[in-house]
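Below, each structure is written out as structure tokens.
The same subunit A turns up in both complexes below, where it pairs with subunit B and then with subunit C.
Here is the complex of A and B:
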């Protein structure tokens, strides 16, 4: 088990190094950020001084060498825009996104698993039809549109909820609700499909022959077996939010990592972009590891 | 009228499918009393499992529908009961075990939990359930029962898994045990042990056993009475010995005649010629598992050599090694004197057409998206020199006729055929190469007895016609007895005995061969009763 985690970590570290190199050089291709930060009437000397200060005058390779040297010492560089360590900026934003992802995905997982399982128990029944109808709408609805309509209805017209920002628990309601819809529709379909095939399996027949009641047949005998493909999709969707729910965060002015990344790319805040990419890559690695461990915990046939 | 323990009266069940309504069983009646064993005998599609599924309320409605009849448990009609009342009967009064215990045990829960669940489901406390589970594991002969409680189904052997199913079924001391093909997936020696266990448990508890089977040997070994089913109807019923000795119905007679293991065995043939194929010292490891431990084998032209052994004996590995589907780690395979192991790839490609294979499951070995014509003519696409394209159509028609199908079948897809017909297509495909040797890996094991006999006849006819040789991998001894010239007995990667078929069957020398033969079931209840007495006598002799 430990050697499995070690091997996975090593493989991820290799891809992380490649990613850093790629992003470093690609982002420099977008151009010189000097003009974005200095006022239009800044003198040539001031511009030159700015470049000198941030090291943009050196050849790219020298800049890269300096960056790697700093990295080794645990220094991820400073944000040009906020004039403080890039990692500090990124971790603050990541904290918001992590909370958003955990809250949303917990709600999604519980709702999709319970409703999907019950829908699978009587395929074609009224409950199944209603659940399938709404899950298909959810899985295919454009979330940016829902977000805007939700703001118009619940914030602007009804004044029930704030339009954007953070602060109170009410500020979380709209972003979580809108982010909830698509993964919920998708995962409900996966749960339903997986449960349908598991419920027709031989060991469920055995459970019926044993006289086991309907509820433990669904939630004890079938569900644990049906969860394996579901976990993969839950992980996928959670990773998508962690990577930055860019559109939703922007619409709701939510200070998460997706919004931070977009802003930093537009302003060529290179250190922040690189730090943000490293943090989300690490989050994805941890996420995948958790999925693999969940597999082993659910199915005794899987051992690492 | 006396009350039976369980009685099925005039039961009719139909299934509504996309293709229309299918009558699964019609007016089926049978009964089971305390302490007796009733067998329902039939081939696939005969409806032999349907009435048992109806008893257990396992028929999904829809698409199934019980259109007529009663199921009486101690005189009470179960079909008139509510779902909750039926559920309380399942497991507590009537328990069931199935054919494939690996698929029928939940893979993600420990076996101790699964057995205990039977008790807690029917109102027992957790502590009592656990104690009962441990007691049962011990009773059915699972080694290290305390540790076994916490193991999972995949950590047991096939025979042990069926013992686990039996332990689970007996947890609430049911009055009736329904066993649906309980030993079909098991090796012969394990089958004998499981049937013996069922008989012992019946003697201890006095339960009635309903056994559903396609195997006359199982009926002969264990059943008091037998119900023969065909096409959803009961065609004959009576005492097992009487039905076998004096079958009244034409279908029953056909079934008994088709049972293998009765024909005359061929004389020993002269083996002084140059052998067609000779394997020497074959070795194969899969990781730490030593699958072949220095195996030698000789096949003469026109000869059928059977390799028999139980699962894990290495018989399939041997077949794959000989064809170089899986390269062995060491050893030689000489085909007409040329070593296949050292042969350059181009030459080996040319020889491939001489060595063909027919697999166990034609559903998997035939590509479902290819027509029969494409399946058979593919050989000629690969080996271009066999036949010019203009003659393909005629040749496919000819081959189909040869294996007992019709030329117009060429345009169809595999799923449009029955299992036996599919195996004929696989044989036609092998013949298209005009091979010298066909390796049959359990090629008839998945087929019904009457179909099995036809396919064996077909293979035998083709041997005579084309002078083919067969390497016949099998676990079923009666089939081997009817078909093979020579028998090679394998165990744990080694050949333990080899010889002409008559010598092996009439005077086996190796103790393992003797045990295999003793465990194999004869369709004649009288023979089986005599064997049982002999077996018990053997067991009572102090070692």
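Here is the complex of A and C:
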């Protein structure tokens, strides 16, 4: 077990190092942030001073060496835009995104598993057809379009919900609802497919022959074995939200890590971009580990 | 030789009509195929036929509401902020939308499949490296890659195709490799090897045809995914730039008129959703039609429990 985690950590660390190097040099190639931050009438000395202060005058390799040196001491650099430690900015935004991801994915998992299992029990039945139809639409919908249509309907015309921001619980309704749709459609399809194949296996037929009722068959006998592929997809979708639901966060003015990343790239706030990448990579590593542990918990044949 | 030709030709026609019959049995998939055909025709001929109409400004028709035929049939879906008819613009934008998605899917499928064949078939060090490369791409937040690359190079159709293609390679790479690993051990491959077939012949004549149906199904599904990704990028303003148009960009351009002229964003969004939905339906049908073990469901003529 420990050696398994160690091996996975090593592999992830290698690709993270590659990622950081790549992003460090690529992002610096996008240009010099000086003109973005100083007013148009700033003098040449002021610009020079700004560059000197943030170390943009040194050759790239020297800058990289300094960044790595700071990193070893646990210093992730400062955000130019907010004049705060980059890690502090990133962790704050990550907290918001983590909450959004946990709430959304919990709802998605419960809804998709229950509805998908019931749909699989009677393939081709009316419930199955309705569920399949809506899950297909959900999986095909562009979320930015759903988001702005939802804003027009529920916020502008009906005045039920706020358009953006994060004050009260009501502010969470629209972002969660819009983020819910696509993963729900995708996961429902996987649950249904996997459930159909499990329900046709011999041990389920035995249980039916013994006269076990439908609900225990679905949720006690079959569900556990049908969950393995489902968990994989749930993990993929959760990773996508953790990586930053950029579009949704932008539209709803949600202060999460996706919006932070895109703002930081556009404003060339390099330390924040790098810190954000490291935090989301770590989050995804932890989540993949949890998924592997869930495999082992569900299927005793799987050991690490 | 002429004999063989007369023998094979009716069979070919038979195959085409058999496929059509299988499509006809699955009504939703049939509608989807029909809709996609219209979209492809728009993409091919739209700019040629309606290019003028889609760019001519008409200030008297600014934000003209939909379903009003006073200004001509082109205005049936309304007009945008410069009075350009939305119907024509959607038809013209289909070209960029489809071209980007098709280019990205084709590129990633060909490269991913080729790498996957190598990674699955050869036991050399190279196979290991290919898989590591796939892992690295997978661990990279794809939208971030897109933003950085598009920000550095300028956002053009070719660059967007490139970025989207790179991020989708691992999907084909992993699928192909997994299938090849399994097929490689089957009897007919061993038989071919014993008979002295070269590696190249085994891979292309014996393994690839077995993998291909899976890849076609995935590619159809992926087409929808790539279309959504391109729309998101264009919506964020880092994809295709005006005056070029795509459906995603049209949604984003209409966003500022949302409260006064909802149709500016609504119709292009609907075009996206209908196209991706059709692709999903068609992919579901392909999965059954290309699987010899399940094809009977369609060949039985749609009778359930048949």
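Heads up, the rule we're going with is that the second predicted complex is superposed on the first by the 304 of 304 C-alpha atoms of A that agree within 3 Å, B and C clash if a C-alpha of one lies under 4 Å from a C-alpha of the other, contacts with A are read in each partner's own complex, and residues count from 1 in each chain.
Going forward, contacts are C-beta pairs under 8 Å (C-beta built on N, C-alpha and C of every residue); 3 or more make two chains touch, one makes a residue touch a chain.
Values in this document were obtained by computation on a predicted structure and should not be read as measured data.
Colleague: Per the contact definition in the header, classify A:12: touching subunit B only (first), subunit C only (second), both, or neither.
Modeller: It touches subunit C, and subunit B stays clear.
Colleague: Counting residues of subunit A in contact, which comes out ahead: subunit B or subunit C?
Modeller: Per-residue touch count on subunit A favours C.
Colleague: Applying the touch criterion given at the start, work out whether A:38 contacts subunit B, subunit C, both or neither, answering first, second, both or neither.
Modeller: neither
Colleague: Is A:202 contacted by the first partner subunit B, the second partner subunit C, both or neither?
Modeller: first
Colleague: Could you look at A:289 and tell me whether it touches subunit B, subunit C, both or neither (first, second, both, neither)?
Modeller: A:289: touches no partner chain.
Colleague: Tell me which partner A:224 touches in the superposition: subunit B (first), subunit C (second), both or neither.
Modeller: first
Colleague: After superposition on the shared chain, which partner residues are touched by A:210: those of subunit B (first), subunit C (second), both, or neither?
Modeller: Once the two structures are laid over each other on A, A:210 reaches subunit B alone.
Colleague: Just to be sure I follow: which residues of subunit A are touched by subunit B in one complex and then by subunit C in the other one?
Modeller: In subunit A, no position sits in both the subunit B and subunit C interfaces.
Colleague: Can you check the complex and tell me which residues of subunit B touch subunit A?
Modeller: Residues in contact with subunit A: 56-58, 87-92, 95-96, 98, 100, 103-110, 117-118, 121-122, 152, 154, 165, 168.
Colleague: Which bits of subunit A are touching subunit B when the two form their complex?
Modeller: 201-203, 205-213, 216, 221, 224-225, 298-301
Colleague: Show which residues of subunit C lie in contact with subunit A when the two form their complex.
Modeller: Those in contact with subunit A are residues 135-136, 139-141, 143-144, 147-149, 151-152, 224, 228, 231-232, 235-236, 248, 251-252, 255, 258-259, 262, 265-266, 269, 272-273, 276-277, 279-281, 304.
Colleague: If we count contacts the way the header does, which residues on subunit A are in touch with subunit C in the complex?
Modeller: Residues of subunit A touching subunit C: 11-12, 15-16, 18-19, 23, 26-27, 29-30, 124, 136-137, 139-145, 148-149, 151-152, 156, 243-244, 246-247, 250, 258, 261-262, 265-266, 277, 280-281, 284.
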